[in-house]
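Reading through the structure tokens given below for one structure.
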Amino acid sequence: PPGDPTTSPGGGGVLGLLRRLGRLEDSRQRAAELFRWLVAPVALEEFARQHWERAPLLVQRGDAGYYAGLFSTADFDAILRSGDVHFGTHLDVTSYAEGVRETHNPVGRALPAVVWDFYQNGCSLRLLSPQAFSTTVWHFLSILQEHFGSMAGANTYLTPPGTQGFAPHYDDIEAFVLQLEGKKHWRVYSPRTCSEALSQFSSANLTQAELGEPLLEVVLEAGDLLYFPRGFIHQADCLPDAHSLHITVSSYQRNSWGDFLEKLLPAALQMALEEDLEYRQGLPIDCLGYMGVANSDAVDARRTAFVEKVQHLIKKLVDYAPIDAAMDQRAKSFLHDCLPPVLTESEKQLSVYGFPARWQDGGPCNVDILITKDTEVRLLHHGIVRLCNEEAGVMLYYTTENSRVYHKEEPKYLEIDPEYTDSIEFLLSSYPNHVSVDTLPCDALEDKISLATLLFEKGILTTKKPLVQV
Amino acid sequence: PPGDPTTSPGGGGVLGLLRRLGRLEDSRQRAAELFRWLVAPVALEEFARQHWERAPLLVQRGDAGYYAGLFSTADFDAILRSGDVHFGTHLDVTSYAEGVRETHNPVGRALPAVVWDFYQNGCSLRLLSPQAFSTTVWHFLSILQEHFGSMAGANTYLTPPGTQGFAPHYDDIEAFVLQLEGKKHWRVYSPRTCSEALSQFSSANLTQAELGEPLLEVVLEAGDLLYFPRGFIHQADCLPDAHSLHITVSSYQRNSWGDFLEKLLPAALQMALEEDLEYRQGLPIDCLGYMGVANSDAVDARRTAFVEKVQHLIKKLVDYAPIDAAMDQRAKSFLHDCLPPVLTESEKQLSVYGFPARWQDGGPCNVDILITKDTEVRLLHHGIVRLCNEEAGVMLYYTTENSRVYHKEEPKYLEIDPEYTDSIEFLLSSYPNHVSVDTLPCDALEDKISLATLLFEKGILTTKKPLVQV
Amino acid sequence: PPGDPTTSPGGGGVLGLLRRLGRLEDSRQRAAELFRWLVAPVALEEFARQHWERAPLLVQRGDAGYYAGLFSTADFDAILRSGDVHFGTHLDVTSYAEGVRETHNPVGRALPAVVWDFYQNGCSLRLLSPQAFSTTVWHFLSILQEHFGSMAGANTYLTPPGTQGFAPHYDDIEAFVLQLEGKKHWRVYSPRTCSEALSQFSSANLTQAELGEPLLEVVLEAGDLLYFPRGFIHQADCLPDAHSLHITVSSYQRNSWGDFLEKLLPAALQMALEEDLEYRQGLPIDCLGYMGVANSDAVDARRTAFVEKVQHLIKKLVDYAPIDAAMDQRAKSFLHDCLPPVLTESEKQLSVYGFPARWQDGGPCNVDILITKDTEVRLLHHGIVRLCNEEAGVMLYYTTENSRVYHKEEPKYLEIDPEYTDSIEFLLSSYPNHVSVDTLPCDALEDKISLATLLFEKGILTTKKPLVQV
Amino acid sequence: PPGDPTTSPGGGGVLGLLRRLGRLEDSRQRAAELFRWLVAPVALEEFARQHWERAPLLVQRGDAGYYAGLFSTADFDAILRSGDVHFGTHLDVTSYAEGVRETHNPVGRALPAVVWDFYQNGCSLRLLSPQAFSTTVWHFLSILQEHFGSMAGANTYLTPPGTQGFAPHYDDIEAFVLQLEGKKHWRVYSPRTCSEALSQFSSANLTQAELGEPLLEVVLEAGDLLYFPRGFIHQADCLPDAHSLHITVSSYQRNSWGDFLEKLLPAALQMALEEDLEYRQGLPIDCLGYMGVANSDAVDARRTAFVEKVQHLIKKLVDYAPIDAAMDQRAKSFLHDCLPPVLTESEKQLSVYGFPARWQDGGPCNVDILITKDTEVRLLHHGIVRLCNEEAGVMLYYTTENSRVYHKEEPKYLEIDPEYTDSIEFLLSSYPNHVSVDTLPCDALEDKISLATLLFEKGILTTKKPLVQV
């Protein structure tokens, strides 16, 4: 339909998709559309209701070009040629034959001659975090992460015909398998026990004898999608006549209610101890005598009272749980995990990254960042900042200075004068609309300009029009 | 009354008390009687109801010899003479004058000539943990700790006439001040705020300006007792004409319901994550957008649902909370804090500590520990052992090899074959009665004897009759 | 003269120089020629005799294009634009005015708009290790390091007209200042004391009052060279009408006889202790009584004997000093400091880095590295490997997998079967000539091919002809 | 002869010896006499010339009471009874049978019943550092350490009849075996190679097959002495009809010329680098090319020059070697190793340890340390202090606050105003004579008294007459 960003002109494949997404104003909308495209033609509501964390989804599109431009073996070859890939750190050479799973990583740099020799001898090649090498994968994941609100990672897998590279196993992440080239025979199995469903941890390598009948068995072809939740066992092997290249996009690692409670409960107890005398009262003076596993079968009114008191105090923790503050801490941690944003060409023109300051004719020119009360500004993207109230002050965490390499940089933040908090929140709530600097809720115009300039210099704010006409 | 151990013959003061307590069979009863004597003539029920963790208690006995034998300045002088006391580690030299609190510790050994010179110049002398130097204090506290089920510590304070050694402050422990010699003028103040009541932490030094009117003001004399709960501010100074020596017995540091929950909650969450899928389910995919302090005033059905879900999960933790196991862990930690037991002369004759094995006439004699099926045994004291189920196995923690110096030894334990668990519990439940080795619920007689011998060798078991007649 | 690589065709400036050097077969010759060019027209012998570690050298060439292509402010601007430059880590913003030296580094990424704003406000910009950003600087230093046999580092300094960026000070390295753009007024002062000459350590910032008269005062112009040894105090400021850009090339940090002895002496003593009983004999039983500073003025035959014995043992260490092994350890440490080699286009064609293995038409092609007995090979460069005998075995250290970022990679080495040692030495001594694999002094042909293949795969060996014709 | 302290009245055995030594004024003389007694009737000169570090010495005295009072199995039994002995830390239970050496240490406290049971089953009992438990051994070693100028340690060994507790081995210390009770069959073997002679390290357990013929084979009886140097292999077993108890006194661990050079050489090089330009000059620019193991056979004038330069610089280090300062550092380290001094009863009366300050009748009495200009003072013993010039200042290290447990206390020192240095040296050189405080070479009387008082308070000085008549 006209106006549908995912099908309107701009070319096919992922490059076309990214171009179309770039025309959307709101980064949250971009993220949602990218995800819609990822699971299409399955509707988002259906995916959420029937598949997410519940059951595998298979989409056979019969459109070999659906993912065109995202990643190819030719890209992989070019990346090897750069000389920046190291065995073990970035690339794993693996095999799985006759029930034996092996890793064959040499030490040092992974050069094409050596890597392709392994491949020719039947080894699979797993490139870890291709987003560090491929700008397109980086761009793709940096949009998707805003949809999940949780780190989006990836690996690519290149497998020679007639081989299998990994033993059956399950992972601790939601997995989206995008078949990029060739074909691969997949088998997916339901979690074996209730406690393996949505598992917090990846499994060890499993044997075929430990598996039952697959829930789903299929040959994926280029353009197809296979999704399965954490805890679902899976294995995949190549047909004799075709190699396979796929990328697995992952998210929702350690992002459960329990993980949230792990941060929340100590904070809640801390608050309760400070505010509520009942938590500071001493234990009954003789409780060591009637509590403990050795006494657990005893019928004793003191035991009952003790247990009821503990239960009462646990339930009352609800009153002290700083849920919103804990969510800000989760957001802070997510922002550290995030890929830095990829700017479209037009975003770049409006940001400090495209600012024309440069050395010319023996001196710097176009240096001044002339933000005035009338300059219209907005956040570059919605998900790139988070305000956190911490003991040391109000901190604005941001992602624009993150590295494409996971956690290579420390968390980045600006300490914010508490009186600027409202302005930050105003910018967040106004997004994706621009606001003039004058409307920021600071007291003095000087403060408004100073705040906007600081955020512009960090790449957090963009302007409606280029600050300098060049 | 006849049979009352605290008043029956045996002499007065603490030495008499300890002798009388030594005649009681059950260590729990000894502990209870010692505490009854400590607060007498106030009844235990009254103390528990009106004072414990609630309000100061003053007992003016008019009996200067009540604590006789516990600790004296002459004892302190003798301890200094041993050469084992070091400034800072064992002894603090302090002063408080005109609002200034100072510590005057030199480095090195605290010899009488130097220490008494400080005293003569108006300094107070605080001996830390006198139980490491005085066997009577050790004996006293080792009984008392079983009453509290929480470490019982002590300091002594010697103050010159007309001086004060410490600034007003509050502590994080329940304090029992036993006036041993001379007199001291005390002022106790109610906690200033609700959050200081039963405080988890000691205060900094306070100024007189920060205090209100004292709740209680009194001159303590030898034989008197002053109790006050943690969080109650206090200060004390000597009258111009008399020095003061008192011992402060403390307990219940970090022993509150909240401290218990601090250990319990992570274990409960761990159990819930393993057993209950609901805790492993992912957070709502967009929750970063509507949760967080910046959104806390928003009216949003998603917020309500999120908060209710968190509350539901907190409350459900009650179902997974391993209360008894957490209590065993607390007990394990308490046993590490414990002073080792002090044996009466008759207990010693029945224990490995009095076993007559010795070198004589060029060879060892009386070496064999001949425990048979008919040997009658029991635990030395009730509170000296605890069984804990741990990942690595069933462990029997015990105090008999602890040091008089706090945590100088690592926690001591024996790994117990799980099939011996019942025998340990049988020994605990039979206490203070003796049982014949034959009645231990192990399968083989050999096992019964081997277990009893092991426990006897560690000083944990005593026999009804000396194993060797000498 | 014909055949002079530094003046023969190939273009002017540094790019022309590097092209001409690339035509020389021997990397040691390249290094020597580059250094000759650096100090030209001063002869090498004159430089060595009169300047190196002795006195400053000023070369005013009147040839503004002499260094063309090495580094420019335009290059610097482009590097900033890459977004990879971080304040503090890579770039320092400094000022020195009215005797006050300040650093103005913000946190985070150094973007052009912000950096040029500092410059416009009078700050100097020091780019640390430009070789990590500029391939030409990397190439230049990677050749030069082989001349020095000691790490060659660099910084660039961009200074606004009329300002000074640094306080007077001296450094711990030999400094070669290459004026790239504009002009700068320099003052160089002799070391103030004998102990500051050839100083092991850099000085703190000095005040003008601490300086005497300059030994040398000059305005450097583009194309000029200023050299001064470590320990020579210096300062430089811009004239009111011209900015300045220079690069300081440094070497010989901690590379003195004393530094060498620091490694050698413990090894020598270790050997002496193992092999010579005299070192293991006990000290005289009463020497604490007559030796020591308190006895240093005493006339005592025992003192004389003791001192003579120590002197005898120190002198005898000469017999045990493993000088060659210590030099190999120094070489190993230098190889870790080294920049990785830059390959000329033709070197690349003959090395694994240009090997044509690649993914094509759905599979890998040209994968096999077919080294045969007739393949003619040589080391890529002479200075890229070093054999070291270590306790764990014979190790071949190499630089080809180093990073352009100092010590980002661990030292790289291959453990070498001791029977291959002769082959490695043969390759070193044959360099720059090629040898056929057959002539390697290994026993079996299989071993010869396997060793050559291993070294080829690591980029250490090149072949005379491309292994695959493409 | 009359006046000979080792034979004059006072009783026999070690207790008599210690009493006689206590009558000698000079601690150095006590040390020498004790050592003379130890090797008697062999003369000191003969021992030094023929045995020390050269060859075993066997003294068969036929006097079973020679060592009476030093240590007995009854003492050992009493020490076990104290409850302070822990397996592993203080006591090892060992066996050696049919070539197998085993350690049987349980965990925890070593109580008599368990220890004697091991003994009865054929195990040897090695008590580590008996000086921590036995005052006589402490007294004995504390005198002997001053003779050696090197830590004197000890172990005792109790062995059942007909058994051997340890495998053949050699140690890294000079060993004096004093047979205390029973008999033991010893075999001592010469070092097998030159490099094992005076070994720096103890050997592993050796097998009988690794040994040759013993150099010495003897049955030691009570009162006998066996000495052998480090590096001499030895083994000992009991005859079928007698147990054995001996104490091995050890010294001169890591106390060789080489150990001294290990401290001296870095300090010498540091001085040379600071004072002598030649050490700061750079290495020849091309030395990596002609030095190194691969070049070691080459004939090359540059190699010769390099080696000669290194040898020249090593030899010249002699001029910079701070021999006396290094000896002070060794002394400092020895003082940390030292046992604290044991005071005779009369020494105690004259020292702070016998100072009569005490608590009496409700207050301190005899507190003032009234040192005046006429008080005559001297050091307690000669070897208890050492002055060291350090960067942080002049430090007076002392042993009086050391612990009987090795390195339980940190090194003890007083920072000394440099102007007091002469007074300390005056006290050292005057020893064993007393000097009046007035004669101390300080400027002001106040300083003299203050210094003397400080040293008296630390137990370093004693007075000629008791300061207080009581």
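Couple of notes before you dig in:
Note that the chains are named A, B, C and D in the order they appear, and that numbering of residues resets to 1 at the start of each chain.
The rule is short, and it goes like this: contacts are C-beta pairs under 8 Å (C-beta built on N, C-alpha and C of every residue); 3 or more make two chains touch, one makes a residue touch a chain.
Computed from a predicted model, the values in this text were never measured in an experiment.
Contact with both chain C and chain D is made by no chain of the assembly. With respect to chain A, maximal separation of chain centres occurs for D (centres as means of Cα atoms).
One simple way to say how far apart two chains are is to compare their mean CA positions; for chain B and chain D this gives 42 Å. Averaging Cα coordinates per chain places chain A and chain D 65 Å apart. Counting partner chains per residue, chain C shows two or more touched chains at no residue at all.
If you draw each protein chain as a dot and join the dots that touch, you get one closed loop, with every dot joined to exactly two others. In summary, the structure contains touching chain pairs A-B, A-C, B-D, C-D.
Across the complex, chain C meets chain D through its residues 28, 48, 52-53, 147-150, 174, 194-195, 197-200, 252, 255-258, 260-262, 264-266, 268-269, 272-275, 277-283, 285-289, 291-296, 306-307, 309-311, 313-315, 317-318, 321, 323-325, 327-328, 330-331, 334, 383, 386-389, 425, 428. Against chain D, in their complex, chain B makes its touches with residues 73-74, 76-77, 81, 83, 108-109, 111-114, 116-117, 119-120, 181-182, 243, 352-353, 355, 357-359, 362-364, 367-369, 401, 412, 457-459.
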